[in-house]
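Every chain is named by a letter (A, B, C, D and E) in the order it is written, and numbering of its residues begins at 1.
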């Protein structure tokens, strides 16, 4: 019973709008705070890596961004599935709001990885499974956004892109597996042993905190985008006038 | 008395076959496209047989993928434009079955001939004769899986404008595993290795596709119709 | 039999249907009229289930047309602004397939429907080579053959000559005589049996 | 007072630009397609940089060719379907100029961005940084020539159904010289040779194309309208 | 002014036009009638130069319309079965470009034509989202703006409501009053000024 009321409130745009309005600044503030602490921990307190020297500090941006890019895709697919199954507008709006953020984290992971790759492996890009599947993830995001942009009618765009997100998530593990399998059959490129830095505590806690900061930041951005989406979609609804009045 | 779902699907398949055979030249077009891609590639590279043979799996598979993508554009588009899909959706029959029939027919008239003609292109790329059965088998299975995945993409892009390029954008990432396993099987066929594992994996993807793709395609088409 | 209640539809920003309700009984023809852009096509597509309305319900024989979609559709024949024909097939082949997926149908039956709509003479030519009115005659034969209870016709007389327009009125009258139900959008008066017509003007509110 | 031929051509170009910019995402699609093709090749090959670098000119050029072919399909098709081409033909203006304007606009919105983004794909294939100006120049020039050749093909396929694949068939043989010189220029750019000769030849093809292609395209379109 | 003499046209195996001849003078409306498939559309397309007849000639102001194609076309406005509009552009943009390639045209002029055909209200929406009749109204504004002497209209009242059908008759009457010439294929009688109508029934032979 309680679950159902909760579910219902989740489905009602005015409620979600009010929730987002109330909580955005808290998530944003927490994200900023955590990020500052983690940056201090990562850039100042953590000792330089014995092998990579200071280059390893790239991990504080790179790894959290990469983790989030995967997490956000899952979030998006779940939201899309909820939207499809229960015809829930808010869920569709949330899925739509996820995509650009996720795509940006993917770009950040790719970008920092490439910058890092140059000193480490001597090339910006190698065809390694992890890299390749991250690139394909970017294509999945872009396809999702392209499909949304290509369909005029918002309701149609919601449903069509939701089908794509769900199909895509079925495919994500297959892609990951196939790409790894593809490459592991050949000799691993010698340049690129993902030198797993022996993480000691001083190095590790800023990394985990940075991940938390990124996740909080994601939630804050998601809530903001969700509000914008709801305003755009529900502009004819009466509650909008009340909210804005 | 109502037509059964299977009879309806059968009629849809027959209709597509008849449309295809009304213009036999249409059957040849994806094949020609494939052959041209396979011949252009050597043209843009140094024509050394050993280097060509190295590139052969890639050339064959990228050619097959792109030619099947091009043909996929026509899978639903014409039916959508002339109102046939609307009539399908309003026929009181299962759209899933009808679209599955369309997809299988599409594979029959594009994928199968492509797999059958591939040995010619492969020979031109220096692939030895013993490898041909493997090349044909992997392309036939792979193109079936591609048709299934592509049907979902084709359904999704119905409502979108300028669907052609968007279709590629949506389908290609989904097609990556098929490409990898297919190319791997072809490579193993060329080098004489055991190509059963990648073929099994392709088969698994095709089975997954058969169960999921027609459902997703039917959902996508219904959305596109609105 | 067909009951439409409180339909509200937005298309883009426009509130096109504002609470449309009506009821159609066997033997009745609901004639939709209204200015260009009043929402006739939209209403027909909502009834058919090709468009989703934001509010309101369409029910058929007392149960929701959306929920029991397959049952509803199997009793429905829809003809929109454009005849749904494949240009590369002949008229006869088109009917063979489009009717065949609904119910088993034989050549004599197809022939008699084609004769009825005056399309027999060109039934064996590729539809691509037919004139606009000839195409519509083939499509009308398809509606006849569907053997449906409910006909949804969107400006069925478009492109037809004077004979053809009379023919449409006759076909509708016959369908009503069979206790069928017709919903048609029209811009011209149709000579239909008095008493069976339920006029519905859209966009009047 | 009649609009001059140049003003009419200018209006046609503006109209196409506006249509393209109405959906900026459409501008990105051929680019995405190109990038994806460039990614697919390594996926279907052994991902060793040295072998990839060998194949780079081929991959870049086949990718550019296919992506420009895909986009070409839309050069006239939509205009033919919605009656715009008919109105062009009946406007009392020179069809040749109007189609030339369409072709140039098409190159501007597909070929130029493609040439500009090519260095990214090239870098992923292991092409060194010094080669990039040569890669961009050869692709820009080559894609212009491709657009011109493609316009004739697109015009010819108007009358035929299922133009997509047929278009490729007609265009590819004409495009072969462009591909060969272009890939040669790219290869020379990579190996550090003198790429002026193939570039001059590409330029000569483009000049020939500018003089002949619009005339041929106009004739082809007039036939296709009937 | 427009002289058509001895036109013979085969389409596929069918001898569609069998020696059609007529003459149109300024201020006259040639009304093409005939059953579906009689050849009205074909005749209009032959006159426009979109189809080649096997025999016969179309001449305009005494010289061959084929030979002096550009001059003929610049005095011609053609509206076929489907309105020639780009779905992604608004009605106003469509007119701006399609009229602009014929003659320089300003916004006030476009607005007044749109007002005349009752299309101003939706002139700034993408044509894709318009109803069938709304599209035709935009296309009719295009015909008005072309400023052509000769109008070739193929079933111009298709999809129009009763008002719209009256509008078409008025527009034609105005064009005739300007000493223009109209060739129109119709299935319905149009209320045109008596004396200006030249009826031509096709397929009667």
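Going forward, contacts are C-beta pairs under 8 Å (C-beta built on N, C-alpha and C of every residue); 3 or more make two chains touch, one makes a residue touch a chain.
Since the model is a prediction, treat every value here as computed from it, not as a measurement.
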Chain E reached from chain B - shortest hop count over touching chains: 2
Chain at maximum distance from chain C, centres defined as averaged CA atoms: A
Distance-maximising chain from chain E - centres being C-alpha averages: A
Approximate Å spacing (C-alpha centroids) for the pair chain C, chain E: 29
Distance from chain C to chain A - Cα centre to Cα centre, in angstrom: 48
Cα-centroid distance, chain B relative to chain D, in whole angstrom: 25
Centre-to-centre distance between chain E and chain D (centres being mean Cα positions), rounded to whole Å: 37
Residues within chain D bordering two or more other chains: 23, 26, 29, 32, 36, 43, 46, 161
Multi-chain contact residues (two or more partners), chain C: 12, 52, 88
Multi-chain contact residues (two or more partners), chain A: 136, 139, 142, 146, 150, 152-153, 155, 179, 182
Chain C partner contacts - residues on chain E that touch it in the complex: 11-12, 34-37, 41, 81, 122, 125, 129-134, 136-137, 155, 158-165, 187-188
Chain E-facing residues of chain D, complex: 1-3, 7-8, 11-12, 14-15, 18-19, 22-23, 78, 82-84, 86-94, 98, 225-226
Interfacial residue positions of chain B with respect to chain A in the complex: 152, 156-157, 159-163, 166, 169-170, 172-174, 176-177, 180-181, 184, 201, 205, 208, 212, 216, 219-220, 223-224, 226
In the complex with chain A, residue positions of chain D that touch it: 23, 25-26, 28-29, 32, 36, 39, 42-43, 46-49, 52, 123-124, 126
Chain E residues touching chain D - in the complex, by the definition given at the top: 48-52, 70-76, 78, 80, 82-89, 93, 97-98, 100-104
